[in-house]
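Okay, so chain A shows up in both of these, paired with chain B first and chain C after.
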Partner chain A sequence: MYDIGMTVFNGLAWAMATFLVAAGLTLIFGILHILNFAHGGFFMIGAYVSYSIMLGFGGGLPLWLYLVRAMAAGVVVGLLGWVVDKLVFRRLRDVEDAYSLIATYALLLICGGAVTLIWGLNYMGVMPPPALNSVIFLGDMFMPTYTIFIIFCGVAAFVGLELFISKTRTGRLIRVVAADPWMAQLLGLNVKRIYLVTVIVSFAMAGAAGGLLMPNQSLSPELGGIFLLQAFGVVILGGMGSIRGAFVAAIVLGLIESFGTYFFPQYPGIFFLLALGVILLLRPEGIMGKEQTA
Partner chain B sequence: MIDYRARFRSNLAIAACGLAAFAVVPFVANSGLMFLAGLVAINIVFGMSWNLLFSGAGLLSFGHAMFFGGGAYAMALVSLHWPGLPFLLGLAIGAGAGALIALVFGVIALRRASGVYFAVLTLVFSELIHLVITKTTFLGRNDGLVGIPRPTIETGLFTLDLTSATAYYYFIVVAMACAAFALWCFQNSPAGRLIQAIRQDNLRTAFLGTSIFGWQLTAFVLSGALAAFCGAVMVPFTQIASPEIAYWTVSTQPILFTLLGGAGNFWGPAVGAILFGAIDYGTRAMHGLSEITVGTLLLLVVLLIPGGLLGFLQHRRQKKRRKPTEPAPKRTEAQP
Partner chain C sequence: MASTEPLLRVSELHAFYGGSHVIQDASLSVAPGESVALLGRNGAGKSTLMKSLLDAGPRVEGEIHFGGQDLRGVSPDERSRRGLMLVPEDRRIYPDISVAENIELGAQAARGRDPVTLTEIYDLFPLLVPLKERAGYQMSGGQQQLVAVARGLMGAPRLLLLDEPVEGLAPVVVDEMAQHIARIRETRSLALLIAEQNLSFARRCTDRVLLIDSGRIVFDGSWTDFDADPDLKERYLAV
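Right after this comes the complex of A and B.
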């Protein structure tokens, strides 16, 4: 019983951390139909920006400042998203899929290079804020409060994004454009601006995720690639830009990964890839099928 | 009408110039630069093997590291565990390992996925192989397999001693030239043209009674074998097979080479690999600068000149040849 509880808990932690990164990725994938390699890079920039803000304040932040800091990283990266849309994504509309995939890879390279130039190659460790640096005992299960906090953040991000997409005017417009950009243009919608909003929201989410997840990781220029493959898997498995699909896919893959690692502890990371490969081969359009968008 | 003989002659001339340039490197440069030149020579054919898929069969692979790494590890295992085996047979085993991986993966994936999904599947499988390598004691885990000897080749008539770095460098240049020549012959054979036809219009080609799956699989296996051959040739040069050569960043290398140089041209990957080597060497003092330079260049190429450097030059030359009164061709480099 103890083991099952802990394994589920670990699986959910993996799932929600991955979903935090994948949420923005799935948004751009669904609306602009670009699989954004650079997302991992901007996630990493968010983590580093947040690290620099932390150095400015000195360690030991209260929880609310920690959240503000993550939001600040989100704003900075969201602004970068504005620049990237103007300079790059706007020009990728009429480019073949293969080339746009490669263009975003080029962006990832630039992100990695910029981080190396600015912050250096050294690993930097970060502790969770004091308010989240304890452990809760539930029976004989021990749960770090920071991990509980991340699970909470993942669920909050999912609910927030769902509400944004289905209840707000901007969100509905985004769905319209995702369904049929040509028709949306005929109806007089400013499609370009909606694309821009999508990119900014997606990038801001990447930046904020970087700020939130930073204490989980040691910072290094390789950080961009570490979460990227997991997030890719979740987005692809979730189906074309389906947020609900990505959420379900994250939980499914997280549980498979944590149970796999429980039974075969010498192979961490392998079960996620195996499961992803097998599911993709059985259902190439993802769990939710092709129709769902945003 | 295309004058095939003239084209063959001009390609031969380019190849001869390239070979001559690689041949003089050990005389004019220090051992560090010679080492780099050897890796560039391998990268050229590695890039070409990827381009066989991309421009040839129209398949985007983000997992070529699995072939490169597979060939490298096969070669390393063979030379560590069967030292008596002839070296060339070891290379063949390395290439065969790549072909086998490509066959197994291709049979499963080519039927099921296409486009971006296919690209992600190649990425996933290649990462799986990388992970297995880092967890398997037999393959040296994270440390890799070290101390791989450079060979001597017994031909019966004479013995080729390749144990020095310079001698092995020349072997690399010759081996890569042979591989490139074989690839050129294949791409200009009826089979190679058929594969290109599939990329341009797979529906029409299918109507002609061609098995799309069969030919795409053929291209995939050939590309995998060639990439693995490159990996196998590299291992005795660096004398180590480490898990990094199966990491996904290696998969992106041939993409960089090909697109920088020009995907539509046979020599595109060669130009790209040489350029990439030069950038890497020129910016080695400052960490991060080479990624920024390469990334920016790649971005510019994709956004402004999708034909790559060679496509750009060719386009310029064609424009010059035209009379100035004639309207310019439709696609120009004057786009924003």
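Right after this comes the complex of A and C.
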């Protein structure tokens, strides 16, 4: 029992940390049909920005300030999203996918370069805030409060994004534009602005994810790539552009990875890739491939 | 008509898809409140002309004035918000939202103008009342067309462009559509440009005829003048 419980717990931790990064990635793909390789780069910038804010406070933040700091990183990266949309994404709408790949990959390199210039190449370790630096015992399972917090954040991000897309006026317009941008403009919808809002939301989510997940990682300019691979796996398996699909795929892959590592501890990080390959062979369109952005 | 500034004035319009020169030197005008038929065979350029007016597809050269303003550099969505509303041939109903939600989307374009209320829409299209909650994909072609027209009307257009509104519809539905359009013209002050191949429908709904063939406007006049020259029908509309 102990082992199964802990393995599920670890799987969910993997799943929700990955979903926090994947959510913004699948959102942009679902609406703008741009595969944003730079997403991990902006996630990393979010982590560094919140690191700097934390240093400004002298470290050891109370929980609410820790959250505010992650949100502030989200705002900063969201603003970068505004710039990126104006300078780059707007030009990618009517060109072939290859240009998008090159452009967003270039952005990823720029993110890495910017981080190196501003924060340097040194690895920097970050501890969870004191309020989340403890362990809860449940029977003989021990669950770090920080990990519980991340699982909670992943679920909250999913619910929040779902509500935003399905219940708010802006969310409904986003869905309309995603389904048929040509008709949307003929109905007087400012498609460019709706794309801009989508990009800002996606980038803000990447930035906030960086701020929230920072204590899991040591900060280095390679951070951009670490979650990106997992996040891409989740986005692809979920059915490109489906938020619900990405959420389910994150849990599926997280559990497989976690159980795989439990049974074969000498091969960490392999099982999610294996599972991704096998599932896509069986179901190439992904878990919710038909249904875009819902 | 000659004394008033037309609502829409197009001069020397050319439109291109890639290298093909689809609309060649088209000039036309539509007066406020006027209803004009745009007749022509399949591929004559009716749809391309309509899309050109909104800058929604082909590359366009030439002048388009709407409501006295030059539309050069004005985005398609801004054109729509100024009251130039296109109901495209393929209707483009959003399949995953309800009929009511589809219709309400049209209101996006009505900002700043006398808005059309949903009550008004359902008065004009009583057939839509029982369909309100239905999803877009659950409708017949005729129902979709009604929704598309209702949605366009919801944007309080000053000029409503209907691209083949009765294509593929059963005769009884065509008749209903003609009645709807007559009622729209009675209740709202708007101009219409209707691309059609169905002559009797076009005749019931419009005051004037534009004939287009191979991307050129080859006739512009009243129905009486059009009928006076049977050769026109033979040359440009017979299949």
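Everything that follows uses one rule, which is that the second predicted complex is superposed on the first by the 291 of 294 C-alpha atoms of A that agree within 3 Å, B and C clash if a C-alpha of one lies under 4 Å from a C-alpha of the other, contacts with A are read in each partner's own complex, and residues count from 1 in each chain.
Keep this in mind: a contact is a pair of C-beta atoms (placed from the backbone, for glycine too) under 8 Å apart; a residue touches a chain by one contact, two chains touch by 3 or more.
Nothing here was measured: the structure is a model prediction, and the numbers come from that model.
In the superposed pair of complexes, A:121 makes contact with chain B only, with no contact to chain C.
In the superposed pair of complexes, A:79 makes contact with neither chain B nor chain C.
Put simply, more of the residues of chain A are touched by B, taking chain B and chain C as the two choices. Of the two partner chains, neither chain B nor chain C is touched by A:132. Residue contacts after overlaying the shared chain place A:35 against chain B, while chain C stays out of touching range. By the touch criterion stated above, A:176 is placed in contact with chain C alone, chain B being left untouched. With both structures placed on the common chain, the touch criterion links A:186 to chain C but leaves chain B unconnected. Using the contact criterion defined above for the overlaid structures, shared-chain residue A:233 touches chain B, although it does not reach chain C. Annotation: chain A has no residue touching chain B in one complex and chain C in the other.
Taken in their complex, chain B has these residues touching chain A: 54, 60, 62, 108-109, 112-113, 115-117, 119-121, 123-125, 127-128, 131-132, 135, 248-249, 252, 255, 259, 286-296, 298-299, 302-303, 306, 336.
Chain C makes touch with chain A in their complex at residues 54, 56, 75-77, 80-81, 85-86, 88, 92, 94-97, 101, 105-106, 108-111, 151, 155. On the side of chain A, the complex with chain C involves touching residues 172, 175-176, 179-180, 182-192, 294.
Of all residues in chain A, only 35, 88, 91-92, 95, 97-103, 105-110, 112-117, 120-121, 221, 225, 229, 232-233, 236, 266-267, 269-270, 273-274, 276-277, 280-281, 284 touch chain B in the complex they form.
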